[in-house]
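Here's the structure, in structure tokens; my notes come after.
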């Protein structure tokens, strides 16, 4: 209906649009998963992980905004509604209730691992058609891989 | 499994727990609805409403954290997972795609109106059993009613 | 003419509206009385009281905004015009000209005492019908009672 | 009674004193008019004008303090009491109740226009006898003329 | 001897005064207990708990000031002298010497649990006679219950 | 005359140098066009667009500095003199005098569109010979495309 | 077309308008000349002068905004477009390419000297008809004369 | 039980340990005495002394932390529990109830005088065996002597 | 020897130079007098006046820098050496030793009164030949007259 | 022994790992070389270069942390120990003792030149296998090339 | 060659110079050891120790600068080059590769213990000839002993 | 007349008092000498030295306050009046008029050298009787020796 005119040609918009929409969904869910774990973690490392999780929330919220506004800037309407996120997220459903600190860390390692794999695919796909979008995925991937390392380092037994 | 011992007697925990869980869901969805509109609004008032919506996002995110941590403090595990939010939110599904500014404002007035009504019920329900939780709902309600006025004032034709 | 729809039922709006309008007038006048004294005080305690009075001005200005915007949020048009304030304030007219520090302190004790008494009535009246408004009056009253003590403590002979 | 000795000769004090007292009254009322409109404006430009009005409030409050303390510095007791302001303001009474955004802007253009005209007279009058006071009126006038332009620019149809 | 006149009637002052004095003593001792543990904790969680304890110290110091100044504002002289605190605190004596981290956490859970129970009684007692004081106890209780949860979550085995 | 030695081989310097010089000219002119419109816009959306334009000015000034200093870092003397800019800018001459808000927005959409197209060419050209310079054009393009969307969104009728 | 009504009588507007338009052009060009030199200076004093030049840029940008908005406030449309600046600046064209530090300093002394002379004329011309505009030229001149001294002091051999 | 190994030889630890433990007790009590007076002072100098006392509280709290952590760093468990402080403080018991400003000042002069005398002894005792601890006492003593002067200067009749 | 070229004609330089040199001396001495009193004041108002005096020090130091750099900017070498200040200050020698608060205030009233009178003469003298320098004296005079009022107000018996 | 699982396939890890380890060593040494020169530089440009060198230190420290944590994030243990750095740095040994400013600048130009050349190789090598790591080298190279220009510009004779 | 003249006599310079040079080497290596461990630590306490290590890095970097500039201030050229540090550090070589958190803590305790012992010797040696240098060693030693305690407290089993 | 009671015995007060009074005079004059040079320096290093001199001013002003308040804290009235400073300063009279940068640096080296020598004597004299005062002289000396090095390093030919 209302059209925002794109600076990209139509043929590349589909690839870029799908990558951005997929990333938006993953990042919104990552922010919810990290908050859920932030509230439910228990165990000797409670405080340390409680704080660390909020840094993941900050990353995920910040990048979801960047990704969605990149879509808008290209004339693609982003969809971050709760139903859309619930229906297409790449992260497995988190367990219900209190979570032991060891489990909380494992939950995050798994979620980050899943999202990083999909982001690397998006990085490759968009790299061929729009360097600006690719650059956003490079930033996202680098930051999530850093969180991924930190939670792994926590779980070395 | 892991129990956090409550400072409230068991008989009042059920009432307080339901109120907090319901509020958590509504506030998480409100933050997603406001962000969705923030990204998709178009029209002459774009910039003004784009900024105003982020103030709603800030309120909703901040109160969802306060509400969830109040539940935890009372030994009730909060549930803010995307599936739970999608399944029990009190806000109607937002329309897909770009939204004309007038419609964006109407979306927010409706969402805020629905959430305020439910918060007032929670305020009453918890007021009889836990003043601390009631006080949180008083703050939430007052703040959402202020946003409710501002969006209404925007749409006076 | 232009209506902002209230989240409160009509029957309670009248009580809440009168309380908020009365509080707005008292707080605007309190800010003017404190500024007038801030400019006209003389005596050995000049600097100390000159600074203390600006803290009252800050409180009064900040609460007058909160009170007026609460009225707007409930669909009640607030009236803080100079004529309205002059005609319905609960504070006695301040003396003209320079004021000796002892008199300046007495002026403030009297003004605060008058406003606190009226705020306590509003707190009670609204407590029965709208906890959100009541909570604002609780904050205002507590803060003004603190200023009331401090000016009293200043004038202990 | 209590006298603050002036650095100006008596014959020029009357001119300067009247100019400062008049300016104080206009500026206090301007702050009240702008706040009243800030609370009562409705319409599509609500948010933008609501914020813009608080910048006028900040200017008016800041300059009323500078003007009043200049009077005190010259040994002239300033009078910013609500009755004095209501009785001698140069601004017409603002309409009661909610104000459509177009009307709100017109209200401010009229108020600023009236105050600027009187300030220019005070600038001329004091320029002949006290450059320090004249300089304050130059600052006030320049700042109010800037607000005057901005509200005019808003109402260009 | 020197009297600060209260805005509350005499018959309610006794109830409010006792509640405030009791709260003051508990909060001063809580700040000392948390500092003592902050200095003496040892064990693998040293750093995390060392930092967490200073947040309890900040809460306790800040609320002790609010509670004592509320007493003063009502014309009741507060007593926070070391002998008074030692003689009437509601917290059990902390063990001497270094404390293993698990024990440090248990010490805080016990101290916070004892203080919360007494604060809830004060909240009820003052709620009937002075909403302003009750509101302070609501804030204190909510904040201490949050610390209580966090230390409990730390010690889930 | 005075030579700054480059870390790039001579054969690639020409391509990179032309791209940087062209970008510098476009960005300096963009900052002047946005300021011109910032001062001359009128109409109901005056304030909102007036503020939005200063964000474009900030972007353009900041990137013109980055682009010029990148040229210097490579041993290429940048030329941002007014005559050079007037003679080689890629932006059409802005209309004289006051601009209606709708026209102001259209002016910016056109200017941003022209600059983005040229930046995308520079991004491609330098990508083959100097990733560091390419990366600057990626940042510039992404940021200008965001402004491009926001002004488009404003003018949706 | 669109008119902003002035607070000055028509007969003085022409004088004030010409002075402000001339000043705007000089200040925009001064900012470009200083930036050009900032990027192209070389020699032992590189860093010191590189930094000093950005302080001139800040002054020139800030005053160009004040001067242009003063014109707008008086209903005179300011013209800061690149073609206008190139065609009417009072500053001689800067040399192309790298500049030895001694030459860079000389460039600035000459540019500042030229602009100050013209500003002093504008100060005199407007002083007779509008003190508010005159006051802006007083500020500009004082600040530019300070830069003028500092660059002269640098080149004392 | 749990041992932190010291960098000091055993024979000097006893002297340093006693000095640090004594200083900790005095500083904790000084913070309580200053707060007690902060809350209970009345008289014309109320506000000035009320503020000044909080600066003593800040000093005493800050140094008590430094002193206690110095003990811990040397492997000596510090004891700042309320019973220990009540039983071994070097400051006389403060009078109960409201305190006239002159008396409040005298209370502080006496308390500071007592603590300074003991600190000077500790400075001498530790100077022979641990310069690091001595240096802390030098800082404490210098700061307390400054407060000591300021309260004395206040009470010059 | 080393010459900084002035933007003022030679015939007016002498008047402006004498005014600036005189002002520099008075302001340097004012800063020393205020510091001397800051260190030596005793009496019940010690703290209040001790703080107030540092605000005079800040004003005097800041204006002495502005005045001296204005001289330099005009090519006049400023002389703020201790011997020059001691030999030509317009302020009477301050009494030796501790000063009772009442005397401290009287010292400042006298010093400020003397400096203001001389500044008003400089304002007049330079107003005829250099508006930029005159404007600095207007600022200085206004600020010192404000301090002059405040110290007078302190000593009203 | 302890393994952090990588998000990159094993075959590309070797290339990326060597590039990151080499960069870490060069950046740690660059920070030490710049500090050494910061402390030992003498000559007329002492202060300017002393300050400029600390900006190189900040860059080198910040990037060494980014590079090392990128290695960790990929499961590669980084080695920044002093012996490793001494044994494999790409920067020539700095001269002992005080350094004349011209020599200090030459030292930095040589060190930066050596490091940039190696970084450009790493940028190319990693660009084929991991865009995230390549992007870090792009940032590092761009920043070091900027320092390289600035020190070159300083030494233009 | 280039000499900075010392304020100390030649006979004491040798003692002071050796102490400062030794301290510089130890502190530079301590910063590298702490960073190495910061990047390579793994285990359940990863995050807590990762953060704690950066506080040691901050201390070591800050004191190495103070120590080196103290040497320069005394006319002694400091040597913080990587080869010098590798050849004369007082800290044992850190193990290669990932480090379990318990081992990481032990590494720091050992490193801090070694450095503190040498600093205490330097404190004694310089105390006899230069109090200013001795005072720096007092600060360093006190700070390192605090880190030493904290890492010990972490490792209490 | 008015006595502030000292915490030091009478016999040591004379030594400490003379040292503090001498230091006060030197530091006040140092601040004036540095400002004089700050205003009058010319030459290629103008800007660098102009800024560096203000760091000496900040040091000298800050330490003069510390030294004077230390005297007051010990019951010794400090004398920082312009006549006293002119009559007893340890710094030679600075040359009149503009100063070439090389001469400006030499002026400061000489002034700092003279003051440091006197401060070292005061450090020794007070070290035997009051460690707190000695510690102040240690700080002053260390800081001035650092400035002394920096200005020497500037003038290495």
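Observations on the model:
Should a chain be cited, it is by its letter among A, B, C, D, E, F, G, H, I, J, K and L, assigned in written order, with residues numbered from 1 in that chain.
As a convention for this text, a contact is a pair of C-beta atoms (placed from the backbone, for glycine too) under 8 Å apart; a residue touches a chain by one contact, two chains touch by 3 or more.
Chain identities (UniProt): A, B, C, D, E, F, G, H, I, J, K, L = DNA starvation/stationary phase protection protein.
In this text, all values refer to a predicted model and were calculated from it rather than measured experimentally.
When the interfaces G-J and A-J are ranked by C-beta pairs in contact, the top one is A-J. Between the CA-based centres of chain A and chain K the separation comes to 42 Å, rounded to the whole angstrom.
Between chain D and chain K the centroid-to-centroid distance comes to 62 Å (mean Cα coordinates, whole Å). If you average the Cα atoms of chain C and of chain K, the two centres end up 59 Å apart.
Computed from the mean C-alpha positions, the centre of chain I lies at a distance of 53 Å from the centre of chain J.
For chain A, residues touching at least two other chains, in rising order: 2, 4, 42-45, 48, 69, 72, 98, 100, 135, 153, 156. You'll find the chains touch as A-B, A-E, A-F, A-J, A-K, B-C, B-D, B-E, B-F, C-D, C-E, C-H, C-I, D-F, D-G, D-I, E-H, E-K, F-G, F-J, G-I, G-J, G-L, H-I, H-K, H-L, I-L, J-K, J-L, K-L.
Across the interface of their complex, chain C is touched by residues 113, 116-117, 120, 123, 127, 134-135, 138-139, 141-142, 145-146, 148-149, 152-153, 156 of chain B. Of all residues in chain B, those touching chain D in their complex are 44-45, 48-49, 51-52, 150, 153-156. The touching residues of chain D, when paired with chain I in their complex, are 2, 4-5, 7, 69-70, 72-75, 131-132, 135-136. Taken together, the chain H residues at the contact with chain E in this complex read 1-4, 28-29, 32-33, 35-36, 39-40, 42-43, 61, 64-65, 68-69, 71-72, 77-83, 85-86, 89, 93-94, 96-98, 100. Only residues 41-48, 50, 98, 100 of chain J touch chain L when the two sit together in their complex.
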